[in-house]
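One chain, subunit A, appears in both complexes that follow, with subunit B as partner in the first and subunit C in the second.
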Partner chain A sequence: MIAMEVLYYPGCSLRNTYPEFEKSTYEICGKLGIELVEIPEWSCCGVVPSLATDNVMRHLGAVRSLINAQEKGREIGTNVVTILCSMCYNVLKRVNLILKEEPDMLENVNNFIDDQPNYVPELRVIHFLTLLKEIGFEKLEEKAKKSLENLKVAPYYGCALLRPNRPEGVSIDNPDNPVLIESLVRSLGADPVHFPFKGECCGNYHIVLEPGIVEMRTRKIISSAKSEKADLILSPCPLCTYNLGHGNERLDKSEQVPVVFFTQLLALALGAKSYLPTEIEDQILKKIGGKKSD
Partner chain B sequence: MATIYIMGKAYRVPNTLTIMKAIEYVGYRFIRSCGCRGGFCGACTTFYRVKNNYKLHVDLACQKRVEDGMYIVQLPFIPAEKPKWELDKMKPTTDEVIRVFPEITRCLSCNVCTQACPQDIEVMRAIQALRRGDLQDAVNLTFDCISCGACSIRCPAEITQYQVFQLTRRLYGKYETTPAKHLMERVKEIEEGSFHDEVSKLIDMDVEELKELYKKREIEK
Partner chain C sequence: MSEIVERVMEISGQNLYSCYQCGNCSAGCMFTDEMDILPHQVIALAQNGDKSVLDINTPWICASCFICSVRCPRGLDVTTIMEALREIKIRERNFIKIDLRKVDIEKLPQIAITAAAQKFTW
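After this line comes the complex of A and B, so read on.
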């Protein structure tokens, strides 16, 4: 067991729309000895980071959550915040970087927020995938109960985990050819397929007003995975999952590829509750059949 | 004595008075912005600043004592249309609340709503609880809301928080709490006409008789 406490920011979409993402993560953490300490009274991250460099107002939700994290972190002795939703990760990571790099902005924000302690930008905001990587994928291999051999997966990254790239920046891996999720699933015995569309945008919030754009984009992504005979697309993002699901619905049954959260597959491999739909879990078990190691 | 400024004009008033009493002391007569005088109804919402402080304060005029150098104005009415909802057709979820009040998602987390609340409710925290999907937290945080509307006047996202909380509490009350037994019994009694005769007697009584009865009424101990 690793036995560590990490601050955890859930996010609204995940909490309200995709509880299986969060629940399967708690299962994984239980198996690995990671205790997720939910940031008290976290606010909505703001959904999209403001692109105007002086727009402090748009970042207040993120800053308030970081302040709450900072206070809780001092209590339990950690400065690491982990996030599951890739949109929330993108926003909080970027806001944290701005506050680290721009003293004027930090002072501005701290002056405005006069009802909470000042933010001292010492928190480290990392995606849950980065946390797993730092713990070491070999630890996952040790803990795995089921080998995922014979399972072909298409690891999807989307935009928010990869862009914008800058040194020590937002991207969790090489933004042009990320291989982090590939390494993760390989350590569990699965076979990541060649997936050139893994960093392609799913269409994002166009789903609201121009769903046609999402359909066009997700068709490319899904058929790329299909042409490599992927059994599953692994998603790290509630919105991408929603959009890819929408794309699947517009395709013939024979062209569809089921989309699951990477944490669900990982939970299954660790012998924990995966919160996968029964039908998909059965398909996976059939595929890896007879490989149950325990 | 204290000097206060009512809509810009200076007055000397005893500093033991509430804002409401002070306004009456200098000669105004309330025809609105005055309700229960007991801190419950939210009609006398008053905005003020004090000298050498940038903060805009909100309090109930009937509850807050005057301070030297107060600049005071009362809001007679909060402009907001109450959206229609049908509780019977709704589910007790935060999504339903957001469907009626989509502007909730515009919350910037600036927290001026909380700072404006004369009841010390954590208004922003309750709005964020709704975003987080936690209906119960929002209900518990806003039980003391008197719907004065000060939060909604200050909100840069133009949310009418007090209306949001009313819907939140009603949804929760209808679907998530057990009905109070004594209340159900009383409603049944009313529907069966148990109090009909007594009410008719009062209606038919002449004014003097009614006044006498009022004076002799049993007062709750």
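After this line comes the complex of A and C, so read on.
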């Protein structure tokens, strides 16, 4: 067991849209000895931060959560915050980096927030995938109960884990050709397919006003995975998952590729509860059949 | 300097004149099928201070995916320039892009509605 405590920012989508993303993660952490310490009184990150240089207001939700994380971190002795939702990760990571790089902005924000302690930008915000990478994928291999051999997966990154490149440090891997999720699934025995659309945009918030754009985008992404005979698309993002699901619904059954959170597949491999729909879990088990170690 | 150039540069913090019209942003953009004009053409209009740049759909089709910004050889954050063009409209009195009262909150996830509200309202 690793036995470590990490600050944890859940975000709204994990609580009201896709609880399976969070529940499967708690299962993984239980197996690996990671204790997720939820940040008290966290609030919505804002999903997409304002890019306007003169609009600091929209960063405040994120800053308030970072302050709560800072205080909790001082209590338990850690400065590492981990996040699952790639949109939340993107916002909190960027706001944290901006506050580190721009002392004027930091001062401004600290002056404005007068009901909380000042923020000292010393937190390290990392995505859960980065946390797993730092622990070492070989640890996952050691703990795995089921080999995912014969399973072909299309690892989808979307935008928020990879871009923008300024402030520097947002991308969890090479933004043009990320391989982090590939390494993760390989350590579990699965076969990541060639997936040139892995870093392309699903259409983002256009699902609200221009769903046709999302359909156009997701058809291309799903077709790319299908042409490589992927059994699954692995997603790190609640919004991408929703949009890809929207795309799948508009394709013939034979053209669809199921979309699951990467944590669900990982939980399954670790012999924990995956919170996958029964039909999809059965398909996976059938595919890796005969390779089950338990 | 024209008013439009000044406002775009102020809101985005980007130097419009560093663009030399190579078209890399347009080549990589995944949404050009839906756009009135291409991203590098938007920059050209803005550089010229042409106010019609505020009435084309391109900045509204941009999904803030940042592919253009990552690939720009001049280091220009094109995504943020698109945001500045949206912001100029959004900050106008009586401009309404989205009526949040009419959004189907039963069907759409919170993450999508919040993102749209952030991008399309002030």
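As a convention for this text, the second predicted complex is superposed on the first by the 290 of 294 C-alpha atoms of A that agree within 3 Å, B and C clash if a C-alpha of one lies under 4 Å from a C-alpha of the other, contacts with A are read in each partner's own complex, and residues count from 1 in each chain.
We take it that a contact is a pair of C-beta atoms (placed from the backbone, for glycine too) under 8 Å apart; a residue touches a chain by one contact, two chains touch by 3 or more.
Computed from a prediction, not measured in an experiment: that's the story for all the values here.
Colleague: Does the subunit A-based superposition show subunit B and subunit C clashing or fitting?
Modeller: fit
Colleague: Tell me the contact category for A:L251 with respect to subunit B and subunit C: first, second, both or neither.
Modeller: So A:L251 meets neither subunit B nor subunit C here.
Colleague: Between subunit B (first) and subunit C (second), which does A:N16 come into contact with in this model arrangement: first, second, both, or neither?
Modeller: It touches subunit B and subunit C both.
Colleague: Give one of first, second, both or neither to describe whether A:I207 is in contact with subunit B, with subunit C, with both, or with none.
Modeller: Touch partner of A:I207: subunit C, not subunit B.
Colleague: After superposing on the shared chain, does subunit C or subunit B touch more subunit A residues?
Modeller: C
Colleague: Once chain A of both complexes is superposed, is A:V37 in touch with subunit B (first), subunit C (second), both, or neither?
Modeller: The answer is neither, since A:V37 touches no partner chain.
Colleague: Quick one: is A:D115 in contact with subunit B, with subunit C, with both, or with neither? Answer first, second, both or neither.
Modeller: A:D115 contacts subunit B only, not subunit C.
Colleague: Have a look at where A:M216 lands relative to subunit B and subunit C in the superposition and call it first, second, both or neither.
Modeller: Second partner only, subunit C.
Colleague: Would you check which partner chain A:R58 touches, where first means subunit B only, second means subunit C only, and both and neither mean what they say?
Modeller: both
Colleague: Least CA distance subunit B-subunit C after superposition, rounded to whole Å?
Modeller: Value for subunit B versus subunit C, nearest C-alpha atoms: 6 Å.
Colleague: Please report the subunit A residues shared by its interface with subunit B and its interface with subunit C.
Modeller: 12, 16, 44, 46-47, 58
Colleague: So in the complex, the part of subunit A that touches subunit B is made up of which residues?
Modeller: 10, 12, 15-16, 41-44, 46-47, 57-58, 60-61, 63-64, 112-113, 115
Colleague: With touch defined as at the start, can you tell me which subunit C residues reach subunit A in the complex?
Modeller: Its residues touching subunit A are 10-13, 30-31, 33-34, 61, 63-67, 69-70, 77, 79-80, 83-84, 87, 97-98, 103, 108-116, 118-120.
Colleague: Sort out for me which residues of subunit A touch subunit C in the complex.
Modeller: Against subunit C, the touching part of subunit A is residues 12-13, 16-17, 44, 46-55, 58, 85, 87, 159, 163-166, 175-176, 200-201, 203-210, 213, 216-217, 238-239, 242.
Colleague: Show me the residue ranges of subunit B that touch subunit A in the complex, using the header's touch definition.
Modeller: Listed in rising order, the residues are 94-95, 105, 107-111, 114-115, 124-125, 128, 131-133, 156.
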